[in-house]
Amino acid sequence: MTSRIAILGASGYTGAELVRLIATHGRMEIAALTADRKAGSPMAEVYPHLRHLDLPHLQRIEEVDFSGIDMVFCALPHATSQAVIADLPRDLKIVDLSADFRLRDPADYERWYGKPHAAPELQKEAVYGLTEFYRDEIRGARLVAGTGCNAATGQYALRPLIAAEAIDLDDIVLDLKCAVSGAGRSLRENLLHAELSEGYHPYAAGGTHRHLGEFDQEFSALAGRPVRVQFTPHLMPANRGILASAYVTGDARVVHDTLSQAYADEPFLQVLPFGELPSTRHVRGSNLCHIGVSGDRLPGRAMVVAALDNLTKGSSGQALQNANLMLDIPEHTGLMLAPCFP
Amino acid sequence: MTSRIAILGASGYTGAELVRLIATHGRMEIAALTADRKAGSPMAEVYPHLRHLDLPHLQRIEEVDFSGIDMVFCALPHATSQAVIADLPRDLKIVDLSADFRLRDPADYERWYGKPHAAPELQKEAVYGLTEFYRDEIRGARLVAGTGCNAATGQYALRPLIAAEAIDLDDIVLDLKCAVSGAGRSLRENLLHAELSEGYHPYAAGGTHRHLGEFDQEFSALAGRPVRVQFTPHLMPANRGILASAYVTGDARVVHDTLSQAYADEPFLQVLPFGELPSTRHVRGSNLCHIGVSGDRLPGRAMVVAALDNLTKGSSGQALQNANLMLDIPEHTGLMLAPCFP
Amino acid sequence: MTSRIAILGASGYTGAELVRLIATHGRMEIAALTADRKAGSPMAEVYPHLRHLDLPHLQRIEEVDFSGIDMVFCALPHATSQAVIADLPRDLKIVDLSADFRLRDPADYERWYGKPHAAPELQKEAVYGLTEFYRDEIRGARLVAGTGCNAATGQYALRPLIAAEAIDLDDIVLDLKCAVSGAGRSLRENLLHAELSEGYHPYAAGGTHRHLGEFDQEFSALAGRPVRVQFTPHLMPANRGILASAYVTGDARVVHDTLSQAYADEPFLQVLPFGELPSTRHVRGSNLCHIGVSGDRLPGRAMVVAALDNLTKGSSGQALQNANLMLDIPEHTGLMLAPCFP
Amino acid sequence: MTSRIAILGASGYTGAELVRLIATHGRMEIAALTADRKAGSPMAEVYPHLRHLDLPHLQRIEEVDFSGIDMVFCALPHATSQAVIADLPRDLKIVDLSADFRLRDPADYERWYGKPHAAPELQKEAVYGLTEFYRDEIRGARLVAGTGCNAATGQYALRPLIAAEAIDLDDIVLDLKCAVSGAGRSLRENLLHAELSEGYHPYAAGGTHRHLGEFDQEFSALAGRPVRVQFTPHLMPANRGILASAYVTGDARVVHDTLSQAYADEPFLQVLPFGELPSTRHVRGSNLCHIGVSGDRLPGRAMVVAALDNLTKGSSGQALQNANLMLDIPEHTGLMLAPCFP
């Protein structure tokens, strides 16, 4: 049986990535694609790499007939997402890729996103979409909130360690290296090729990046007490990939064992042999996350490094994995593409 | 039914690309992988991006038990390929990705490759592997010779035009822009990141590139008389992609019509609307070839541009497409991956 | 003696490149920098790489006191440039980097730029700024029109050959590979890193690129009859560099000799040994142009390849070279920086 | 007066960078260039970007007449350097760019480099070449040991803080992002464009990078007691640049003040306004180091980020700066090139 899919906000990179993944999924059919400013255009005009696919033209959301739709992927900007989802038919299953439903406490949302949440009642039913840790809730959910891509990477590196108290919870430094597609298809000077290529720099320093809201929420819930990491992302001259380098206090072997056991049955989370560290190039275009652990010459210090593709495992692949669960399709369907290297 | 596959020379980029494609093929099982110098290593060590796959360890060719194998992909260097294939069981189906069996006339081989052909009798049964033009022969073949990646790109741009005499056969300039993976995983100074990135240059100028042997053979056969193009490749700071810019004398509309009609039923060959020209980034990681035609302010001059991924449609994707035909599997199986953009 | 300089439009890449070059010039002092939208900002905010220099803040053009200024570099967009220059004091020496004064015939300007020329009387006194070919006129000029960066590259490859009729004037194909900084610091989707990197494509195909106006004007003047080249630029995933591949009919040795003799005394124009072809990476950041010639297996066919840095020799370096002449400063002053490789 | 210079090991990137810088120095003349395997070749063959310079051919070291030489830059691999320098005339001034004379204690050398030091007596007279901190000693030195490029970057970020005890000495995490030219012009698979571009990964993890020897030596000397940082470098898909992200415990304002005061008179060390962080792209090709400080939402935590060009300020620029001091030439001579951006 084929599920009928709508993608709202299909002109952004996560929207296009969803189409790429669904193209070989086999049990989903794309019934509607929306993009306000590009409404009326064929998708091939907006994304020529999808030219070979038989896709509906882009529409305005108002034009979509949701009656035959089984699942909506909402790839709209935050704040917009809230408003749109609040207006959708109540029985639609939804995976939201924006930041709008990630933070359980509306006060947290307001603090990190600078404005009050407009749909707090929907927030109550939203399930946090980090698949491997919320699988059961996701399976039964109507509305799933896709995680931040940085937030996902850091959590894959650290959740089992925090849950097991395998590391000092008050001494976690998280240095992220993020590719540029995470910033979306936005016309900003610092995203130009001439500006970005050949260099790298930190951004959102000082503990100001919004994904900290997710780290705080999730890590504190796991620990049963407040956990606050020091987190700074760096923008890389590359299109896809997040590398999270976590510097922690703990026994490196215990750290490795804890992660290995936690992820032993997870097809997408690959823990490397002790001492081997991952590279973003080896997960590119795939739904995989590679995780490595190294000790240090300093006794009691360790390093955990996680690498994933921000557009796939960090957003659209995760969204599809969650949708599979919600639609009772085998979880890995459409997600077994091997990384595209070199 | 699943076909059992051996890949000889699996430590090179085309070998790894075959594994990537077969990973989601569904009707092939990789039974053997060889690599002389890396024999004994797990594939994950040589190509960490394939770590999640359950693959046999690398072996020496001599160690392979070919008795249960249905199809061999031979991704060895030219010259080596001849010798190895000559020693394989006579009933094995083989797709050779090297240059060894592309040129029908052994004298041509000697001229372009600088040494006599060592297996001229095998050459006789080899079918030239440009799938869309040799489909019937490939279906019945035992040994198929994969084409050069530059040769494939130029032929997709020009074959129908030469066959139809839609252009002046004595005035064809072919300027190619080629990504670096076409040079393989070889330790050469000019392939280093520090040397290659941020710049571009012509190479093999003067009509010395070996793929000219294929152009001469194929274009002359089509025309029924000698056709000689002026062809210069340029090395690009990118990993995947060939862009062939062909400058021709002919009516641009007729050129476009000729290509559109020739490729109307070809799922992988996409002719763009008149006046639109392709980009390598929009075929990256896929088996697609995008082809565009533009006129010029100079009456009677036209430009044909073809773009494909050298590792996929230019070599390993083509090889798999041919293998599908030879094994009576639907031709597009495992090859419908959408391009990976951005 | 130090000349006082104003740069109008200093927030663009050519403006910043002028500042970079003048920083070690020794005989110029930057007295004013303008940028309308950024007026009031320190240059370090707009271009942090110039932070260590003691520079005036950005101003609006109206705020500049031109009384003590010896030379104005006008790095404004075309059309704007005309209007601004028409209002400047009549005794100021000016090098204009825009397209506004390149085409001698105002009708040509209107044809290529889509609107009538607004200052045709200024056009009359403008000298075309291809230094090596207009040195004497530039020395005595008040207003010099910087050439297009593609136009400069193509002319360095071809002018001596056309002047000497060393090649067939009716059969010239010019395939250019251009880095992205030539498009300026403009917020356009196709200039984003995520869109541009890892791929390449032709643009302005069909003989529509505006620099053709310059080729037509200059080549026809040299030949004493109309010369029309087929010219298509391609956008490269790199920041600096233009590579012009010219396919011509002529004797390759004669072509090489003609270029070698023409440029024998030119310090910035380096003709490589016969058969060697240049790379953009080897002129990066410098005022050099490397030129190579190759024959072809096709008798009577040759290839000329020229490489330069579009921001330096292609625009701001050229502008400074011309300004040196106009100010009676040794021509190479401030321009002997070696290329920055790797 | 012009000093006569010899560069030993001129076929590597630091050798070529020295030539680039000396090209516009004005008070140095390159009298000899050596490269064993390329002896006899013109430099233009090995580095075409230096083609326009009038340089001596490459020689073997044995062939150099050192009698008229004032200064030797030794850009040879470590271990080789010791042997070569031990054989040079005793009165030659030498700047060594290798690791051979950086560590004062021969036991440290043996520990980090895996073999006994072969010239411990020379080690005694060697001065550590971090110019801004050893200026007086360098001025009078015969032999100066250029620092590691990573070691220089980390020290610029941290030395004044450690000397002033402005941060907790037992809690320093140093996450470095390093461009590929730091690995030299070496034929290693992981340095190929196809392997490196589009991804990033940590290397030499676990506290194993040799530059830790310099950090230990210098930081401990400053503090008067052992200081051990946790340091992991990451390899970036870029050619030039090191970004050091230091995570420290201390008051961010005090940290910023301490650095600002320490570097107030240093022309090459630019401390950015509080809260602004640097980018490698803005120091590219220059001898500048940009340093920024940010606080964090976590009270008492701060971040110091330093950016420099590994080939310039990190090695060859530093070497030239030291040579200027040793030759009584103004320190900044030949080093005021503005960064090459974009």
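Think of it as A, B, C and D in the order they're written, each chain with its own count starting at 1.
Note that in this section a residue touches a chain if its C-beta (ideal position, glycine included) is under 8 Å from a C-beta of that chain, and two chains touch if they have at least 3 such contacts.
Which protein is which chain? UniProt says A, B, C, D = N-acetyl-gamma-glutamyl-phosphate reductase.
Note that the structure is predicted; figures quoted are calculated from it, not measured.
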Taking each chain's centre as the mean of its CA atoms, the one lying farthest from the centre of subunit A is chain C
Pair joined by more contacting C-beta pairs (A-B or A-D): A-D
As a quick test, compute the distance in whole Å between the mean CA positions of subunit A and subunit C. 45
Can you check how far apart subunit A and subunit D are, centre to centre, with Cα atoms defining each centre and the answer in Å? 39
Quick check: how many Å separate the C-alpha centres of subunit A and subunit B? 36
Residues of subunit C touching 2+ other chains? 13, 181, 194-195, 197-198, 237-240, 278-279, 281-282, 284, 342
Residues of subunit D touching subunit B in the complex: 13, 180-181, 185, 187-189, 191-198, 237-239
Listed in rising order, subunit C residues that touch subunit D in their complex are 13, 16, 19-20, 23-24, 47-53, 181, 198, 239-240, 267-268, 270, 272, 278-279, 281-286, 288, 290, 336-342
Quick check on the complex: what are the subunit D residues that touch subunit A? 171, 173, 175, 177, 194-195, 197-203, 205-208, 212, 228, 230, 232, 234, 236-241, 243, 245, 247, 275, 277-282, 284, 294-298, 301, 303, 305, 307, 342
